[in-house]
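Chain nomenclature is as follows: A, B, C and D, assigned in order of appearance, with residue numbering initiated at 1 for each chain independently.
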């Protein structure tokens, strides 16, 4: 079986990363990669790492007439108007934009300041974190991959919230984010002299990914997420520090068991918590190009605070890799296919 | 009046920065700079930015026989054994190590895991943040400058705690710290391939500076500080994000007023909170070489959380510059003398 | 005497740096800073390092009616149409653009692909490197500051060419350049994810500054400059490696003497060539914010090649600082006024 | 067929990278990885990117008793004393140190300042660049992989020298090198505050790799290499700019043909020379983790100079990947096995 796939909006960073992964997938034929801006150009002229790997050229968006899987990498807001069409043309659709992540249209409207234009599909869409929704993803027709920062926080916190271990159902999340997370378009804030070396609190008190985190953690009662994000000197990678006050006293061993119970069998979650060495807790620079989300924690000896640290590559586990992992599940393939790059050290 | 000053332990980063500032001070003659390791060498061989500025050479520590001001930049633990001697040889002593920052010997012992060997002097030493202790510094014989991370948190939070605005007297502090804060000695964790590009939670749940923050914020009842520090890709600079839950509902204007009331006249505190532009909140890369501590904040629209952001140069306002500012106060000089470098943009 | 100065085009990086320096100059009153784009805005909203230092606001370009000194920081090509007007309105004009650097209109046309529209003024303009043209600058009405890369190469090579020591009058120049040298405007190539960490040969075989280098080195016969420039991971700073084949055999001591003879008395040229330590040759990261140009060299033991290494801050000695140095000379002030910042280490 | 391989000295960066590649090789079983320092420790404690991939532990060097292939990653100078033993214990040896790269013991002695202690083996060892020595590598018992900088220069220049196109058989080579090229040991010069952001000419006039370049380019008459190396702000990667003066006038098309003729069929050499886009010439940041060496060039319009630009990842094509490529050839495997990672963009 070879899957015919199409990538709509393939000239951005997310699309390029997805294409890199799919070109190495043994069960996939990349049939179409679209970009209205670059239609006619070789993909390697936009994604220079793909030189010598492919002769594919971009085509217009409307050139996608049928596919086994259609990946949408168009910017937020574009997918909701096209989704009905996509679902007619492709057997399965994986949407990497933010359009179908929130199940409740009212929540969408509150965070995105506009009405959702394909609200009936929201309840069908499955949120694409396999560690939480594996079975639903397997059977889904439409999967919405999670936000990159949201993924780092949700995977880190899910076991604690699922087990009711967060006092007051409350958590404080502080993310440090690389520049590729803002996409390919240059703007004054991404100008190298201004962006280099910053510790810029670009979302000091709230960010749309907060809505996703709240949705996914609300296992019991409404959870409260206090969210802050900083742009720092990184191109790829997110490091998220989540501060949880424990509902009951637990020592490190007990917490470790909670994580083991949830993630011990997960192929892409590593529990990283070492007593020695330079990388005792998750470190995004080890994860560039990989589909791992590393999770570790430290117990504050002076209070009931638990500091949970998680890291991932925003373009892989945070988008393109997560999408491929979902595709593998949706087609009964080995979940890790095309996703086994281990990452570099040093880097 | 020209002050004769001596710097003990002048070959480290803190000593070098202090020396840079003092060489530009019109009322100071740097009489002695000591380093047992580099005795006999020109200071520019260790501090290459001072080439052509000075012909000073390092001498042995014991060569300091008298001075108007003695600055101690030896590592933590060394000053307490020498302080009695220093106070005999110099009219005023400014200690840049951690030895005399904590007033309570028991607190010192808890955080530094050893008995303080000059405990009687602890109550005399004045904590060197002029924004909190200006009058005491003016009259002090012994000043202990504050820890660099501690300074960033204390200046940011003091007005709120002083006014009793923190709910539960509690605060969560997350600092991002440059590599120069660990000093000049190379170690595996500072090896460039391992340190470059990291987001390393090196003190995920507690750091000695926490003790200073708790001491200085305890205006009313014991404050609780939940502290986390990350090593990030920066050489100079600290950015600290402090999360405070407000004791009563306050809008941004009211909070602004609190900060204005405390810091409106301060020469080295800038309240940075803008509606537009790329630098709406404090940014350490603008502060390299300066004695500013910038403070700003954002009010979480979804909760009573206040996110206070502060930034400084760990080697200037976080140590050498703070020491010079104290010296100026202790000798009746204009507080800003030798500290007026405005910082670079871009950088 | 206080000089009234105006900066035309003050919103760019060059204008901002010039303004920073002039605000610290005791003999200067900054009367006007212009920017058509930002007219009415406070300068600190564009140059955030100047917060709390000045209340100046940008005005329209045409608002400059008279000044003791007019600095032009408008982009290349703009000054030549305005220069007649500038020279009527200001007693002295210092042009930081490229318009008046080349003395020969034909050379200008060859490199800039357009006719010079104020050719008669080219012969009057003095090339603003004081180390070569101090006396002419003192008496000049119009000074054109040198290109930043050109300055690094010319100061490094001038003594060798002046003394006829370059075989074949030929030199190979390889410059490594920080991102601020391209100015404030963002463009795809300056987008942080694309610009970060590059070693991009943006001018692999020729760059306009080559014309300036050839002009200034042509002490005897026409010199031949083979020029290459790389964009590297730096914000501020240029490091230039120049390879010269010696016309006669000289040992390091003799070469040192040549440099000493030319630059021994220069306040802003340091000959950096040490046998030990980490900074044996010029290093741009030590020079951020300073007006130094450091020059050093190594003699290839295997050939008659001399490797001359030079470094400077492109926004100071490479433009704004050089302009202030010229202004000081033109008005009989101490040449180093406002230019004494020593640079930071580490940084 | 599964090859049993051993890596001697596997705790360094080169050994770790080799291990990463071999763990992904379908025809290889990694039987032994040795480190006297870390014997008994899991390899992931030293190479954190290998977490969850392997349970291998380090053993003592002497534990290697037999192997199909023995890779030596011990430091320079160690292999020559052990090589006789290695060749008895393993059918094939691939040495990643510098010990067997130079064919002439006299040349070795000149550059390494000590007599070679296994000189008879020098003539047997094959220099491990497949693009030059593919057939010899296939039949070799002992392969010495090339220096990382040497590889970048040799692959870039070989076609020109082979065809006699370099005037005077002379070339000027300027390399920019990342910090991982100096290995895992921390030292004052690799301390992050000192190494970050430098443009440090660490080998301004000569480096041992020069000997390798001269050896490999001496197709006709002795070639002269003028070599300079800079440490710059990179962890992985080398960019080399080589300046050649052409022996006869050639336009870009003719030069392109020369490169096509030599490298058109090479799986790991890409000729990168584009008219538009951000990556018109080779860029090391695109190559992290890949086995490519990209080569491009620019013809100086003002002289007969050709600027050849090449880039590679020092730990892959510059050592570990080159070693695997050689192993594949020596065992009749597809040359690209385990080496197909395409690299990341952006990164």
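Here, a contact is a pair of C-beta atoms (placed from the backbone, for glycine too) under 8 Å apart; a residue touches a chain by one contact, two chains touch by 3 or more.
Since the model is a prediction, treat every value here as computed from it, not as a measurement.
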item	value
Farthest chain relative to chain C (centres taken as mean CA coordinates)	A
Chain pair showing more contacts of the two, A-B and A-D	A-B
Distance from the mean Cα position of chain D to that of chain A, given in whole angstrom	36
Inter-chain centre distance, chain A versus chain B - centres from mean C-alpha coordinates, in Å	39
Where chain D touches two or more other chains at once, by residue number	13, 180, 188, 193, 196-197, 235, 278-279, 283, 346-347
Of chain D, residues touching chain A in the complex	13, 16-17, 20, 23-24, 45-53, 180, 235-236, 270, 272, 274, 276-279, 283, 286, 288-289, 292, 340-347
Of all residues in chain C, those that touch chain D in their complex	172, 174, 176, 188-189, 193-194, 196-201, 204-206, 210, 224, 226, 228, 230, 232-234, 237, 239, 241, 243, 278-279, 281, 283-285, 298-303, 305, 307, 309, 311, 346-347
Touching residues (chain side chain A, partner chain C) in the complex	13, 178-180, 184-188, 190-193, 195-197, 235
